[in-house]
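Chain nomenclature is as follows: A, B and C, assigned in order of appearance, with residue numbering initiated at 1 for each chain independently.
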Amino acid sequence: MNREITRQFDVLVVGGGPAGISAALSAAEQGAHVGIVDDNHNLGGQIWRGEATNCTSAASHWINGLSGKGVESLCAARVVDQIGPNTLLAETADHICELSYSKLVLATGARERFLPFPGWTLPNVMGAGALQALVKSGLPVHGKRVVIAGTGPLLLAVASCLRKHGAKIAIICEQASRASLARFGFSLLAYPQKIRQALSLRKDLSGIRFVPDCWPVAAIGDGVLEQLTLARGNDVENISCDYLACGFHLVPNTELPSLLGCRLRDGFVEVDDFQRTSAPDVFCAGEPTGIGGLELSLVEGQIAGLAAAGNVGDAHKLFRSRARLQKFKKKLDHAFTLRPELKKLPQPETIVCRCEDVTYGTLSRYRSWRAAKLRTRSGMGPCQGRVCGPATEFLLGWTPDSVRPPIFPARLQSLGTIPNIEPAQYEAMRGNQ
Amino acid sequence: MSRAAYDVAIVGAGIVGAACANECARHGMRVVLIDQDSAGGGATNAAMGHIVVMDDSEAQFSLTRYSQQLWQELKPQLPDDVEYEQCGTIWVAADEDEMQAVRRKHAYYSRDGVPVEVLDSESLRRLEPNLRNGLAGGLLVPEDGVLYPPCAARFLMERAQASGTTISLGVQVSRMGNGCVRLSDGGEFSAPVIVNAAGAASPMLTPGIEVKKRKGHLVITDRYPGLVRHQLVELGYLKSAHSVISDSVAFNIQPRRTGQVLIGSSRQFGAENNEVDHQILARMVQRASHYMPALAHTSAIRVWTGFRAATPDKLPLIGPWPEDSTLYLATGHEGLGITTSLATARLLVAQITGGTTEIPVEPYLPARTGSMEHLHA
Amino acid sequence: MPEQITLMVNGRSVSVARGATVAVAVTVAGMHCRNSVTGEPRGPLCGMGICFECRVEIDGALHQRSCQILCASGMNVRTNEQGNYKTI
């Protein structure tokens, strides 16, 4: 049967990336009893994946600080539902966990945006961060020819990592215009740390062809990726490759915040100066409040952690840093806006919903996400719309449905967990919706 | 909004309304089908999609049997996305008491020529290897089936449309009566016959209809082909459907053509919001796992709720509303809307045109409701 | 040299470094993870456990996200090479 774990925390942090880690540490330093939960096997999230054991990195400094402060980590644990007013239900491979809290910090991060184009479903076509994650999980790429495409600073970070693992980067195609990138590059002058990062990357990537105003048009291969067709204005180029690492910037993981009743604005979680959401006792830090990069996530995490632990004075001291970094966030948004040509990429027979193999031609007949969902099952598969949702939002202007539990596919027996609360409390629980 | 000339105006484009529109159109009537949402926006889209002969009463048995046969006749014309599968139902008996009920059911169904077969525990295990050990047996009803409701409703609606029916979706109705369907935006449709097929919302349009919302939950899993082969229902399902006051769950699962398993069922009165109720969901899931332990480890990818339209005597309302000579009802189908939609349409149209009906209509007449007062406990 | 562990992928013995995920083992074995509902070959897309394209069968359990699961010695991995789940 189901083996249950029950835990109570002063501050529970969901998400073990930079924002979550900094929130957990900050709260723990105030003496709070803190728990941090993450779906991956180790803390670090996406950007710090595998960094826990790299003792020279800043990441490991943060991560290793946690156990010193008595923070309890629950890794390989997925939050699937809210089971009580201040209790979340999480699943591991063998257990069901009921995690109760006085304060909650949501640091659920972001995921890549995927845009469909002919052949994008071929094996070895994947996200940019995805290929990096796989390489860090042991995928051998030494000597393999890789094309990196899409948009966003992530492309460069991925290129650097892959190169270090011996991959041959054939080209980096960035759909943003040369002018946008120049403006963005220029604006980095205000951020010394970012300049250092940029220069370091430049060194890592020397000799690699970097092409702006360029995007993938078709992936070709017999059962697996063999070559890629790229467009640059009116020019077209074919490049043979073993892997395509392609992602179009990031979208926030707002499913859990939505489930808990946090108000969203323009698709991001609305927070006040102390990173408080509209849901009582719930804070949010990092990418779900706006895609802003590592340093901003760290500061927001600290503010949320301090505020959750009751130290608003020290939280307040970080407001200036945050404000400076939020300006960077705005520049990020502008620089990497998706160009309209990308809307023309999918052909009628291009699959958009990969879980249910629904094509663009089929989907474009419907006027809303919901109508398409019911008739075609698009969005009703296990990814719960995480892949096709952002794509259809860009291509067709659809907004997805409201979020329902489970926010992640869960073992049926987990849904059989009888909650430990009075029925009357349910109404109160959902009352802030 | 234009005042067009229609013979029938139907409010509610769920499976029942769509079936009625289709049937009216088949009889050459000019029809307008109206819904505040898209087609099937109420219980239809949330429904399990079973086609099942049920014997809670003679009248229910007649109606479900008649309609099941109509579905079988329609089957060759159903497009692929309706996913009609004649997988059959097995009523599962947990013990000897329930086996007695199985034998009674067998006699009852056989009397009316419904093919049925009693299964002992050996045969039950052979047909459904993933049910738990120790069950006594069951009753197989091979002509029952399942389909995918949103596409079935759409098929019927499009058929009606092909016969000239006007479809008016996303349109809110504020009042209906006296040959007129008044819309919130001030427009109206008039017709000598107006039909309230608005399911759980029907009492809002026709005050006095004895229909109450009965909330249900469903869970769907990822694809596990072959895990479940027939629709499976516990004999206690009828007790659950029968109860008028308390919350109840019953084991009822079905395979979808995709290989996904659909898990139900739950019933609650008085629950007004469509939020997932964790308590009853947990009970429902535990009940299902009790009958089929293998389900416990399946991946549940979605949970949703829906509202059935329940009447005090468990029978739908099909026919003229005594207080308004223009108004007909086609509502109150509880958990049998998909099953009985086709028969409902036939009975409705026969009453509109004065034609004969295949089965007696008296048990379903709205006029009977005067005698039902005592039944809503 | 990191410790190597051995597991089975579709009956073939595969050796990977400890800490590698099952998705890596499937790739090293020269296979792809699953076929889609219309029979297309698929492999990992997101690398972080949300796209479900990397699903495989591990020790009899279906729908395991291979990019999120570490290889263990003696694991029996099967990919859905036979075809899609169209019929029951």
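Keep this in mind: contacts are C-beta pairs under 8 Å (C-beta built on N, C-alpha and C of every residue); 3 or more make two chains touch, one makes a residue touch a chain.
This is a predicted model, so every value here is computed, not measured.
Colleague: Going by C-alpha centroids, which chain is farthest from subunit A? Tell me that one.
Modeller: Farthest from subunit A by mean C-alpha position: B.
Colleague: Could you compare the number of C-beta pairs in contact for A-B with that for B-C and name the larger?
Modeller: A-B
Colleague: Quick one: report the Å distance separating subunit A from subunit C, using the average Cα coordinate of each chain.
Modeller: For subunit A versus subunit C, the centre distance works out to 23 Å.
Colleague: Determine the centre-to-centre distance between subunit B and subunit C, using the mean Cα coordinates as centres, and give it in whole Å.
Modeller: Distance between chain centres, rounded to whole Å: 41 Å.
Colleague: Residues of subunit A touching 2+ other chains?
Modeller: In subunit A, 381-382, 409 touch at least two other chains.
Colleague: Mind pulling the residue numbers of subunit B that touch at least two other chains?
Modeller: 222, 258, 297, 299
Colleague: What are the residue numbers in subunit C that touch two or more other chains?
Modeller: Each of 37, 63 in subunit C touches at least two other chains.
Colleague: Flag every residue of subunit A that touches subunit B in the complex, lowest number first.
Modeller: 2, 81, 83, 370-371, 374-375, 377, 380-382, 384, 404-406, 409-419, 423, 426-427, 430
Colleague: Along subunit B, where are the residues that touch subunit A in the complex?
Modeller: 38, 40, 45, 81, 150-151, 154, 219-222, 258, 263, 273, 275-279, 281-283, 285-286, 288-289, 295-304
Colleague: Which stretch or stretches of subunit A touch subunit C in the complex?
Modeller: Answer in residue numbers: 39-41, 46, 76, 111-112, 114, 121-127, 129-134, 137-140, 223-224, 351, 354-357, 381-383, 386-387, 409.
Colleague: Where on subunit B does subunit C make contact in their complex?
Modeller: 85, 87, 222-226, 229, 255, 257-259, 297, 299
Colleague: Considering only the defined contacts, which subunit C positions touch subunit A in the complex?
Modeller: These residues of subunit C touch subunit A: 16-17, 19-21, 23-24, 27-28, 32-33, 36-38, 40-53, 55, 63, 67-68, 70.
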